[in-house]
């Protein structure tokens, strides 16, 4: 039996030995590197017409070309970039809103809770994609940032609900009372006493929101309501479908973008389970 | 002798190694006897109770034998143990408040539970027992959420003893109760024994005063081992083990005032059981400790029925 | 219980109000004169259609009317069932267009949701605590839930449709056929229905299986399970109880997932050119048919709300705790 | 400096839309003076914990008032400088993700930001010594590495860093083992002799009896009996107190020696008042009869 460190190192110790977490990272990190290095790998404009149209993957064009002669690999790596950005911004914004509402409702309780809970429930039952369809169709979305903004504004409710429930149970713990007896102010109690206790939970919430944002963005792009500029994995699928890649048998056009999304989101989900095991001693396998 | 436990060793698997929660415990429980199992947190009393009916996934039988009514209890083998459970050994758990399936009517749950053990419900007997613990008969048509805490507690007591087991294990069942309810529950247990619903009983609690009220014999455990076992009145009036003595003298009885008589506790903490020290485990905290305590003191019968594991006893 | 449903209905009512208000308000955020910019964006060739649009928008935005009156008019039109006239299929009313498409969407959604929920729960419960199954099912489940609906749809269409040639990949029925009640037509419908259904089913299935697996492990560790095991109850009985209790949060989960499932159905329909609401949305966007888009939006919202309410009712029927606890009849 | 409660009442709204009310604490008046332990005794549902939390300002009384030295008590640094609390579950009082001594650091940050580190260390050392803790054993450790008794002492040490006058001790020994809880009780008694006033909230009559000068018995939110501890325990007059005392398991007598004839505890729906039966010994009697039936 090897020695198990105590305290905070414990989490790291188990993280490094958690197969699910590591497997998720093994998939995610290379994609992240690829996305970060997109300009270096794929040159300037992913939409440039650079080669023979509709050619299958080759040593030169790894993922082949579109029927207009755009390099699919270049589109893919630039698309990954957009996907990560949408995930971080959309998921991040949703997490921030979810935390603000969840912490406030859970900690304050009473009427504040009632009102916020009502708001949460309303946004929760509103089908997010349908709302985004209307908003995007009318207002037009030019940039990834705006798309992420709208996604963030519609996808926070379940996070708020979950954080509220957690806060609610932590709020009645004695250490919160003790902080009050020490004269600590409310916001400081929330940020310094309650939030650290659920930091792993918050992180996992963010991961799920991150994955969710990517999926919603992909759907919007696919429908044709994505950012009008640039390239994204969803937009690649949209183009492939619109220009009948399916019927033309150009499988190299529609497989990479979908596989990219699945890999990112799947890796995030599996990491989430792994993290759960790392932070929750009950789930650790013996 | 209903129950015979010999040199029982049960370990907990943890990430840091095996915790020797029970490290060689031997004792017996006679016909019709209520054995009070007392000790402080971590002494192994709950582990002992669990071992006798169902070990959880982290527990491992490291040695020793248990026999009930002359037959060996296969406590280390979950599957082979199953036929004995409920019929021969039964349990009233600590968690009576949540022991019943929340989405089944109680009567139906009992029927299904018994059916899965190849038994059928003797409705007349069940109702008699409900009457005895003062539960309304229509409780069988209710869901657990409709019961008060005290009612759930009594209902679980009735369910657990429905098949008249030879041995009942009651694990800290009164610790969450108010004193008046606690008294009623404890008395009901005695009544169950008197009426033959259970033959003998192990009553596990951290409260020696409460054990003394209903137990025939009290066994005090310390750090995974037996410290002292004797008839209840003997434990209370003439304890021989220094731990028992110090424990009892640290209890403020009604009538004892700080201003008049300052009681004192036992300094120190029990040893960690991951790697327990050699010899007597109470040695570090014991005012009487001497060289010999570096050797394990075996439990010795100092008087009929009075076992003490101490060189000075 | 009355209070429980009262609250739910209040939330749903407010949600509907919010949805209608969004529908009314969003066009106002368009830069410039909404009527002009709307007309400018709509690439409509028929002059009649342009006139219809102008008339509708003018009444909608009623530039000279005070805001609250415009808002009132909007609601009044809604209650008359008037969602405007479709530009794409001019001069069919939007309501008619939608009603024609709804059966297709429901035919995809209802079976795929119910079957994936049922099968996913069964399978998740079966896999839990069986080591090798758990280790294979879980990763597959995660990959499935992470798959974008449209991508799985494309893959299925390509593999089973284009390459293998077993299933048609476009439309609700063959172009050569006219809708009638012959076996041949129904068979043709089913053939076209199958792939989009399977695609929806699979993605949702993964999610339910994982959810159930986690829930049932939790239930198997609950006190009542431990108590039953201590009394030697059969594994079957314990699993049955655990399953039943684990299903309850899955019902709530179904309500939470409705929006995602509907979104999945929309994009899947687009892939297969399946003539449901998703297809309408695509057409509406491509033809700048804003009335149709708004009408579809309202329909989806109402559908989701109704489904939520049905789930609420089912939940109360299934979980005795809601009946006793909320009814305040506890002894 | 006196801490006094006048007619403190706490009601909760329950049921649909708060139509029903639940009175957790009903018109309790009580004075705490320095150098005295008052035990507040009751079973679950008696309102003892609600009352304790109200005194600490963690709950606002629905009616009545709490004053410290004549000034109304308001939750805030000024009040908490003199009035502090220790709770039942020592493990719940510590934020599990931080080290245990954070409770002390919080006091420094909020009350003594200007005190030099070296001087502060000296104060910590002194206060730990006062509660019988070895600084080396508790500082820099995580809560789960300490015992329940150590954690409770550390909380008391934390309170002693302030200009502490009153301590609300809410069931502080009920999660501790018998062999260590008596030391925590003795510690309270020692602090009392140094002029601290303690409100000792407990369900355990023997503990209340052991350390307190005065005892207050609560039943369903109302004071049913109060007075000098010796009087309340030696000559209980209210049927509820009598029943409670007879239910306590003792090591000197077994229950089966037979119960004293315990009169049923009447759930007084009608008006009742506290009547002074002996000097300082108050007993709740229903308004109509003033008979001294039980003795």
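Each chain carries a letter (A, B, C and D) given by its place in the written order, and its residues are counted from 1.
What we mean here is this: contacts are C-beta pairs under 8 Å (C-beta built on N, C-alpha and C of every residue); 3 or more make two chains touch, one makes a residue touch a chain.
Here the structure is a predicted model, which means the values were calculated and not measured.
**Student:** Report the chain whose mean Cα position is at the greatest distance from that of chain D.
**Tutor:** So the farthest one, by centre of C-alpha atoms, is C.
**Student:** Give the chain pair, either A-C or A-D, that is connected by more C-beta contacts.
**Tutor:** Pair with more contacting C-beta pairs, A-D versus A-C: A-C.
**Student:** Using mean C-alpha positions as chain centres, tell me how far chain A is from chain D in Å, no decimals.
**Tutor:** 49
**Student:** Please report how many Å separate the Cα centroid of chain A from that of chain C, as a whole number.
**Tutor:** Roughly 22 Å, centre to centre.
**Student:** Give, as an integer number of Å, the spacing between the C-alpha centres of chain D and chain B.
**Tutor:** Roughly 31 Å separates the two chain centres.
**Student:** Rounded to a whole Å, what is the gap between the Cα centroids of chain A and chain B?
**Tutor:** Their C-alpha centroids are separated by 51 Å.
**Student:** Across the complex, what residues on chain D touch chain A?
**Tutor:** So the residues of chain D touching chain A come out as 53, 56-58, 75-77, 80, 84-85, 87-89, 92-98, 103, 106-107, 110-111, 142, 145, 155.
**Student:** Sort out for me which residues of chain D touch chain B in the complex.
**Tutor:** Answer in residue numbers: 43-44, 147, 177-183, 185-186, 189, 203, 205-207, 209-211, 229-230, 233, 243-245, 247-252, 254-256.
**Student:** Please give the residue numbers of chain A that touch chain D in the complex, ascending.
**Tutor:** Touching chain D from chain A are residues 6-7, 173-175, 177-184, 193, 196-197, 199.
**Student:** In their shared complex, at which residues does chain B touch chain D?
**Tutor:** Result: residues 40-41, 178-180, 182-183, 186-187, 206-210, 212-213, 236, 246-248, 250-258, 262-266, 269 of chain B touch chain D.
**Student:** Flag every residue of chain C that touches chain B in the complex, lowest number first.
**Tutor:** 222-224, 226-234, 236-237, 241, 244-245, 248, 319-321, 324-325, 329-331
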